[in-house]
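Pasting the structures here.
What follows is chain A paired twice: with chain B in the first complex and chain C in the second.
For the complex of A and B:
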């Protein structure tokens, strides 16, 4: 027995307060629904697999003090030393640090001298050890060999002969799935053979629309600085980190060394996403808390206003359960109408966000979960006052004050 | 119908214990119309609350319709209140947000009657109190006398065997008070046992029997007329 008609009748005669809470619930649902989808989108983005053994990698960038230093010879000596260090699995040179937000990209074409319909990929110059160092999985073809390696001067134009690409980029260039052994072009007629395909590498820019399209060249550009990526045994990264700093300084004291872990760089890359998740989560939490407070306050107010009425109902035969249920059903009706309005408002708001701010669409499932969550919050918020109401003595009915 | 034996009720605060009823004994027979009078603070309302199962006694025994109700749990007390007792309050105690029909419907819903049965009963009692045409009016749209008639209709709808009236004419002018009293007498003639708390000595005299409560005890028991004798208006 839900007493729907009398409850609706009573609500109709106190509609302003009920309407205010319903509108507050509707707004909360509209905001929470849209915020949830943004939070979910950002969390999905952060949780994307990078393809890289992020937790075990240290990145070193160094700048020789003297101009004209033979950076290639220095790198060979450094990398030999680093690979021999205890706790180090492998090390490789790289022109950029993956996932760091810093990198370079090139246009690629399927045909020589093609001018339009280019595809863009993030590009790394590295060596055969990059697979093991980054923990990449070669799914087709072969790794670079020492014979593939080339050194080149940044002032000259570099013409790579072979490349290893990510599967994502391979599939973009050759949707039929037969990229291995095919040639791609950098805008001229110099063919670059795809000799290997790695499963995944997110590249330099985590927020880039083409993140995951990456090409690797077997080369060593003679920049004025050098950069290494070092993979350590699991759990030994921090221990090896200190040792590397000392050993590199010992080997060549006249250089400036900057060291970071890859997980630090990745955290910085996701700083905006993390901030967005935190802010929106706080907004969701705060709005939910405020609506819960509103419901608790209104229910207590109504109960105090209706103490005599509750006493009369008890005197007329209502059990404690009848009284609690009355207020919970009343709350459900208010929450239900607020949620119904809120779902419509959320959809309208989402259409606006999708059209103007490239935000993800709000699926019905997320909307329903948010609605259910708000309904539960409103019920829990009303539960304490409702239980309190049940304790009002039936003798209240005979009291004159 | 109602039998109280050495019923006690005390209220305790941190510093003081007040004895509202002390060794209170009373018997009301089936079909009786008993008035209860006494000075303010004598324990009339406490007696009414205990008789109507609105409060539990601190001690003693209370038999309602032959059943010991002294130690019933809350749910059973609620059920008994709903099934056997009708209440008429001084301030009418109608629910202001509900129209007359829905007000009378309140105890019937708790009784678990289906909609058809409830409608039949509500229409019947509204007719009995002469307010059928006002079924969809709110209490605020009625006079005090009419509101009390609705309260009586609400009390009668469940066809209780025992009617408890707390100053039923206290908020009414003399004409309306007389009409309400006549209605109660009519109800009593049809077999409903009535216990009425009142300050009005004229009304008290119209009952079969008047009980005076002083300091939480029955002070004087006078048989005004023989049980079952017709009461003249």
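For the complex of A and C:
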């Protein structure tokens, strides 16, 4: 029915050409399989929820040009002005910009004066408005109040009394899940009470192994420069952005203002992942296209070579379907063996990448999906020439005999 | 003869335009993709200090926590990248190295009196006076500060040519004053623009960032209470240390340190110095880990700092595999093309052409395809690199560009690829026997 015998013997006569197609498919599967697992891994990473209203937030860094500027009253005036601006939901000071790749972290312990078994968390110094400004969800406990706020000089030791932490960090410190009201320590004997738990905040470093472990303090450190986060009404960010620039400069011209949207910072933080996704997707796309072209070209060539045989078969009673099917089955055989070799090659390649370059492992399911898609591509590529072959008239073939 | 083969090749390419275009495109895409990635990897692997690779060493001291690893993993032997301020000061007292540099990144608002210019952030390096000589940075005007300024406050600044153009219109600005965070600084030197890619001397904050525009002496920390704008890492809870002085005496690491050692004997003496220094500190209860320090050459420093990341290497291998697929594809297409012209080769053979001649002729035809593919590949990889540049959002601005060497390599790669691709098809056609084709004529 499938004429396997004649197909195999014809293939044997053309073994180099068949081998070339099979090798191409094998290599392609190895590349596509390993690329798609990396693409998937990076896309998952980019898609992680940040817990933050990224789209509506503007980050401002300001650097007073005058030595000895009273940065606390400067911030108070700026924030009052910012909060009163139309289109602004809320604004808050923050020592670092979330998701920006720049921040600070501290070690925490469950007991006073402990020196081992620390847990690390990303730390922010901010104010009560941070919940509303960042759009964080408080799942337990209370927000900071103005009474919790402290200002401190970077040269003095700051002893926080209370903190709000992310659920992730609360669960790391207290796996039993009763973190609220518990005390944590920063290495000394100063107890820091957990007064609130927010659902999620990815923190400063998107690639950090412990991203999502974050603690917030109600404080204002008096560095030589400072930062604000400003949440705007949805869709009004870009409009407010321009207005803020002017208003801040009006309020105090003798300073440097650096403004960015939080989505811009986040995109920058994910630039390497994004680059990987785009480059590898391009590789997958181009590769599939190239091997499809190769298969079309070679199948046409074969059919041309065998015009006479096809004509003879048609003259001897083979239907058009028979002829098309012959070439499709032939292509299936070549592609199938190529893909079988390719699966082995993909696993070997993946093994190498996992061992040397800390890339994700290639699961069987992903490989099978890639293999199936590749098989479809090769069949579709063979379809056009195969249908054309069926149009070869018996007469043309017998003419020159 | 070669010229004749070239003209035959061009005629043959024109004879089968679609098949030829496919082959050129296959080679071009393969070369374009792999040269895009290889150019990035090549640029990321550059070593701007290669001419002093034998004599420069980055210094590491293992002053870290005996109970925890530097990076928060399980590796307790990894040393911190940077030094504490007090260790840097102690090392500076050694007179063994020919030159030595303690430094870190900083930034300040910059203003010029009686100028219309808006204040801006000046990316600054706080460093000792040997910086310019150690890294071979040339002065256009003036020079570096006195040795004294490395330990005592002197509000002097060295600026780059570019900054000098921005602030003073390119005039010799030695003696002029600028304000940094509101403090007056006297310009004492203007250096040539110096911007190594990767930023080998300080890989802590972005290996492909620009180098600093302002350089100020190391003796200013106490006076201006300078905190690093780079990485500051600490592990010890030191409740008894107070104020800025407490920070300077703490176990926080934030200073980068380089030395220049010309002979093995000098290196040996410096190693002895470090050993006895650490032993001395151990006696005082510091350096609780086993005695360890690192002296690393620039080329190795780039490797241990993982400037070329795993992802870049993966892309490198994948792009070469991609090129291989394109070559195999070209073999198949060339085979098809050559075999279609087999009757022509049969006639040539019958008229006296040797097998070698047929082989050479067809190989030259594939080289023609390779050259065309290579040229198109350069265009494609330029396009690829500009795409990478925009996707990278800044971090690849200075690495996503081809130099002449990479362009030549692109054509070379294409020619080699097409030669490999043409080898079997050309051999195959040179073996065809003329008689079968003559029979049907």
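By our rule, the second predicted complex is superposed on the first by the 399 of 401 C-alpha atoms of A that agree within 3 Å, B and C clash if a C-alpha of one lies under 4 Å from a C-alpha of the other, contacts with A are read in each partner's own complex, and residues count from 1 in each chain.
Just so it is clear, a contact is a pair of C-beta atoms (placed from the backbone, for glycine too) under 8 Å apart; a residue touches a chain by one contact, two chains touch by 3 or more.
Remember, predicted model here, so these are calculated numbers, not experimental data.
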For A:280, is the partner it touches chain B (first), chain C (second), both, or none of the two (neither)? second
Ask   = After lining up the shared chain so the two structures overlap, which partner does A:67 touch, if you call chain B first and chain C second: first, second, both or neither?
value = second
**Request:** Examine A:313 and indicate which partner it touches, taking first as chain B and second as chain C; both and neither are also allowed.
**Result:** first
Larger residue footprint on chain A, choosing between chain B and chain C, goes to C
* To do: Mind working out whether A:242 is in touch with chain B, chain C, both or neither, as first, second, both or neither?
  => neither
*Can A:6 be said to touch chain B (first), chain C (second), both, or neither?*
first
| message | Contacts for A:17 in the overlay, against chain B (first) and chain C (second): which applies, first, second, both or neither? | response | second
_Between chain B and chain C, whom does A:353 touch in the aligned arrangement: first, second, both, or neither?_
second
Residue positions on chain B within touch of chain A in the complex are 45, 48-49, 52-55, 74-75, 78-79, 81-83, 87, 89-91, 93, 95-99, 102, 105-107, 109-112, 154, 158, 166
Chain A contacts chain B in the complex at 1, 3, 5-6, 9-10, 13-14, 308-309, 312-320, 322, 393-395, 397-400
The chain A residues in contact with chain C across the complex are 16-17, 20-21, 23-24, 27-28, 30-31, 34-35, 38, 63-68, 107, 115-116, 118, 120, 154-157, 186-188, 209-210, 223-224, 254-256, 258, 267-268, 271-272, 274-276, 278-280, 282-283, 286-287, 290-291, 293-294, 297-298, 301, 304-305, 349, 353, 356-359
Note: in the complex, chain C contacts chain A through residues 19, 22, 25-26, 29-30, 33, 36-37, 67-68, 72, 108-109, 111, 118-121, 179, 181-183, 225, 227, 235-237, 239, 242-244, 246-247, 309-311, 313-315, 317-319, 321-322, 324-326, 328-329, 331-333, 335-336, 339-340, 387-388, 391-396, 424, 428
